[in-house]
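For clarity, chains are labelled A, B, C and D in written order, and residue numbers in each chain start from 1.
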Amino acid sequence: MQRIGVFVCHCGSNIAGAVDVSKVAEMALMEPGVVHAEDYQYMCSEAGQAKIAAAILEKSLTGIVVCSCSPRMHEATFRKAAERAGLNPYMVEIANIREHCSWIHKDMEEATKKAVILMRAAVAKVNLNTPLQAGESRVTKRALVIGGGIAGIQTALDIADAGYEVDIVEKTPSIGGRMSQLDKTFPTLDCSACILTPKMVEAAAHDKIKIYTYSEVEKVSGFVGDFTVDIRKKARSVDMNKCTGCGVCQEKCPSKKAPSEFNRGLNTRSAIYTPFAQAIPNVPVIDREACIKFKTGKCGICSKVCQAGAIDYEQKDEIVTEKYGAIVVATGFDTIQLDKYDEYAYGQSKDVITSLELERVMNAAGPTHGHLERLSDGKAPKEIVFIQCVGSRCADDRGKPYCSKICCMYTAKHAMLIRDKYPDVNVTVFYIDVRTPGKNFDEFYRRAVEQYGVNYIKGQVGKVIPKPDGKLLVQGSDLLDNRQILKEADMVVLATAIEPNPDVRKIATMLTASIDTNNFLTEAHAKLRPVESPTAGIFLSGVCQGPKDIPETVAQAGAAAVKAIGLLAKDKLMTNPCTAQADVLLCNGCSTCENVCPYGAITYEDKEVNDHGIRETRRVAVVNNALCQGCGACTVACPSGAMDLQGFSNRQIIAEVDAICR
Amino acid sequence: MKYSYYPGCTLRTKAKNLDAYARVSANALGIDLEEIEDWQCCGGVYPLGSDEIATKLSSVRALHAAKEKGQSLVTMCSACHHVIKRVNDDMKNVEDIRTRANNYMELPEPYAGETEVLHFLEVLRDKIGFDELKKKVVNPLAGKKIGAYYGCLLLRPSKLLSFDDPENPTIIEDFIRALGAEPVIYPYRNECCGGYISLKEKEMSKNMCEKIMESAEGFGAGMLITACPLCLYNLNKSTGARLPVVYFTELLAEALGVKEEAEKEVQA
Amino acid sequence: MSLENKEFKPKIVAFCCNWCSYAGADLAGSSRLTYPADVKIIRVPCSCRVNPMFILRAFEKGADGVIMCGCHPGDCHYSTGNYYARRRMTLLFSMLDYIGVENGRTRVEWVSAAEGVKFSETMNSFVEKIYSLGENVRLGDLRCKS
Amino acid sequence: MGSEKKQAEMMKEISGVNPLKCMKCGKCSATCPSYNEMDIKPHQFVSYVINEDIESLVNSKSLWKCLSCFACVERCPRDVKPGKLIDAARQMVVRQKGQDYLLADEIPELLDPELPQQLLVSAFRRYRR
């Protein structure tokens, strides 16, 4: 028989405000096995933990139940407290009477009744708990960063500077990401390339960093400290060791009609290409869809002009398998498709562009060599209208429910830059709210208005109407003047909502990392663990976790690096002892469990068993505790009931069911 | 291809030609339009109030009649299509309306939105196919520059009508192309003509139609086609640009070489 | 409460996987999204840990409804657990329906860690359904009844 | 419940619109083809309902300028459907005895030979009980 202590937390008024905590403690004493019960203001405080320790020692407790907040919050805290007092940490159960009770039930009597039942279920369970020993697993001292934008580069640099090896896997032919596409950055108007390129070079030159570009993560297995990852290095058709980056192949390539991804499809590139001049590595790839040699077999000009002999049409995709202790996701974002927003005429007029396209138009290396001009006829615009919140803050299924966060600031930046360089161009911004929290952000926006005379109009645009003469008629609201505006413009720029890179869903599935309804990766705790995934060993950097600007991304990238370093610095990790176990007497070696195990943790051995006096050798299941993650699939699949899960055993769960239905 | 057919009030009076052109064209295309018996007027506008039941019953009757025959229900007029399709959605998805409407109707078996409602344009696009239609054209309308006028009722609300992209539709343009003519795309093709406002606020509707006409003419249209008798009426009241406005079925009959047949029918 | 005025208070067991739906329930809690106190949650590592036996046991012991929540298909923390769970529950629920435990008393729902609203809405609608069905009279162990 | 509150509730019920979903972006007013003819603008309708000033709404001439073209319904990013609110207000007026906006007597002079039945039918539905 266990000797159980029950500790009921008030959590200030969070629990005590809706649950009669002393009643819960009082009722606990009537439960079988309970020899001690008390309630206290804050069980997680030092004093609260001391109370638990004292009770364990004084009453020789063999198990404890803490009625408090969610186990996802403080289970670890109470387990450690119990361990310090000499109790096996797995003899601790939590009754969640805050998130699942006091915070959602207003009626005190009802909430108290429910809290008592939750307490009973936890007591019933702990009565059947057995001490468990955590095993140990090793840590591979190398990190993987998925995505080579500013987030991934910064995380990799920080991890590498701490002395650990890092690999960056980047899908496109060069690192640099979205930031490399930007012209200037707010709020100081630095040239984006000028501040990014040194970081790209530093990453490429770092002896601890290995960069896989034009590569994708294909498969992930293992767990925290010991991940095994397959990386597909897509065939570049160019030998990276031989290529000198002279660029002659790109110049001579006769196929120049492929849309340039880097310039958002606003102009074209050759079939053999580096995305931009400062690309790292400065080794081109052949786009096999566009290459004449690959399409028709004839051509081969690049091979002929390459003095280094680097062109290799026979190159094949290559799979590299590497081991990592930690994985950082830095997959970034893209702008949403605008096909559901045809009222803004994006598909109908070339002069309606997204803000990211405007970045390319404003950039000296862009399709117009940095001249602000209409893409339809190359004419200099005189009136430019910016429309905010295109696809952001939408409750319908056309757009995204969240604020994309960066648009207010980059629009102020664009407006300012245009007014600065082209003082005769009028700039109008239709906005719903101008959101500029951040250091020097609101000042920046005010400069756009006061110093540069940008015309901000509060109200959304209903329709952009292309006119036969090529101008655009913008029909919008001016809510402050209470009128409908018809404004003629030469160009319209849409502050298009951002969304996580569409590939992130696939990656999250491989990593078993949770993802929210908007495809942003979920953090382990919204406030206290913002750069960790709930899946151990997975960290989040940049916009994959939520919309961010560059300063925030860099800060978060550093934070993710620190968390990864904290993991890599350990030699051993404690493993979860809640693993499956087979009862050799019940197991008939049918292999059903092996088939459902996602980790390959189950094998079969011939074991000598003593079945009620009959000694014989039987083929039975054996669980590898280092591999088993404790999902329990095998326990239900097992036809003979031989498999059970430690910490969540059949008897324990049934005891909880019984307690709830009592 | 057999369909139940709901012509609607105006196709029996002022818009007889919209109906006649459609019938002879359907014939030529092997589409059998069986007019449902004793249909009643749909009411012209969809009753928006969530407590409106009685005003929806005529649509339910038509829908039920089609269901009894196991046929899809084909509409010709934009307004009828709008009303009947939305009532059908109510019957399918709004439990309260379904229950109450069925209580009124006392049908042998309750109606729950089973009937598929198709506008004739949708039949041409989705059942015949514009490629097939093109093959049946004997009198291609080459050289004609035609603007499609969609108006509101076929397109919005797009989630319920699921007719086409509400802001950049293509179905009538594809139809025009199939007939051998050249579609003219202009931004006002999904803007309102004023609808019923033209009864009491003639100026308002006129202003709107002028914008539409001007835009279509500016982009080079020589004529406009529509599926709605009220749009046609309002557009014809425009005093600025005056492009001819005809029903889409008239062009269809012309391209299929059966226009005269239909005209005889109208005169008779 | 007087005896003759004894109103129906259903017993509802909710099995929630640790990674998604339990976290979703926590989010419902921290967002103060209410649902009836009749729902009691049992935490399991994964929906695939839910043995049909547990559900039979719950009904035997007087539960009026059992709901199982897991990660969305494709998002299982253990990759495939929720697929096993889904198949098992489909079979179990049709069997239960056959023996008189109506389909409305059993439900599988996918709730992610970010879907506090969905968790609360799901529980509200499930409890409402159980109220409309009333007390479960099948499968109950008569010895448990007073 | 006060009568103003009751009327506001009735409007929400008839329209099926939750005015609290509105974020006041003004896209409805930016979209509305009748904007210039309206005294209360489409984006203001939600505020009148929230403030329970139904009296002003039902006396607004905007009710008779709305075309039910559903452009505001289609483009509203918050799924508020201002057009349905306007129709609910219209319904609250015409459902009262003697409040029809279109009188039988005035019809003959509004007619012309081309006028389609559809127009009369539609106007009857929107303007009369």
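Basically, a residue touches a chain if its C-beta (ideal position, glycine included) is under 8 Å from a C-beta of that chain, and two chains touch if they have at least 3 such contacts.
Values in this document were obtained by computation on a predicted structure and should not be read as measured data.
A.B. asks: Which other chains touch subunit A while also touching subunit C?
C.D. replies: Chains that touch both subunit A and subunit C, as defined above, do not exist here.
A.B. asks: Does A-D or A-B have more contacting C-beta pairs?
C.D. replies: A-D is joined by more C-beta pairs in contact.
A.B. asks: Roughly how far is subunit A from subunit D, going centre to centre by Cα mean, in whole Å?
C.D. replies: Here subunit A and subunit D have centroids separated by 46 Å.
A.B. asks: For subunit B versus subunit C, what separation do you get between their C-alpha means, in angstrom?
C.D. replies: The answer is 49 Å.
A.B. asks: List, in ascending order, every residue of subunit B touching at least 2 other chains.
C.D. replies: Residues 166-167 of subunit B each touch two or more of the other chains.
A.B. asks: Going through subunit A residue by residue, note those that touch at least 2 other chains and give them in order.
C.D. replies: 343, 463
A.B. asks: Would you please write down the residue numbers of subunit D that are in contact with two or more other chains?
C.D. replies: 71
A.B. asks: What is the complete set of touching chain pairs?
C.D. replies: Contacting pairs: A-B, A-C, A-D, B-D.
A.B. asks: Per the contact definition, I'd like the list of subunit B residues that touch subunit D in the complex.
C.D. replies: 8-10, 13-15, 41, 43-51, 55, 77, 79, 152, 155-158, 166-167, 191-192, 194-201, 204, 208, 228-230, 232-233, 236
A.B. asks: Where on subunit D does subunit A make contact in their complex?
C.D. replies: So the residues of subunit D touching subunit A come out as 21, 23-32, 35-36, 41, 43, 71, 75-79.
A.B. asks: So in the complex, which bits of subunit A are touching subunit B?
C.D. replies: 339, 341-343, 345, 347-348, 463, 465-469
A.B. asks: Which residues of subunit C touch subunit A once you look at their complex with the stated criterion?
C.D. replies: Contacts found on subunit C: 11, 13, 18-20, 22-23, 25-26, 28-30, 32-35, 37, 40-46, 48-54, 57-58, 61-63, 71, 74-81, 84, 88, 112-115, 120, 144.
A.B. asks: What residues of subunit A sit close enough to touch subunit D in their complex?
C.D. replies: 343, 389, 393-396, 398-399, 432, 458-463, 475-477, 479, 482, 484-485
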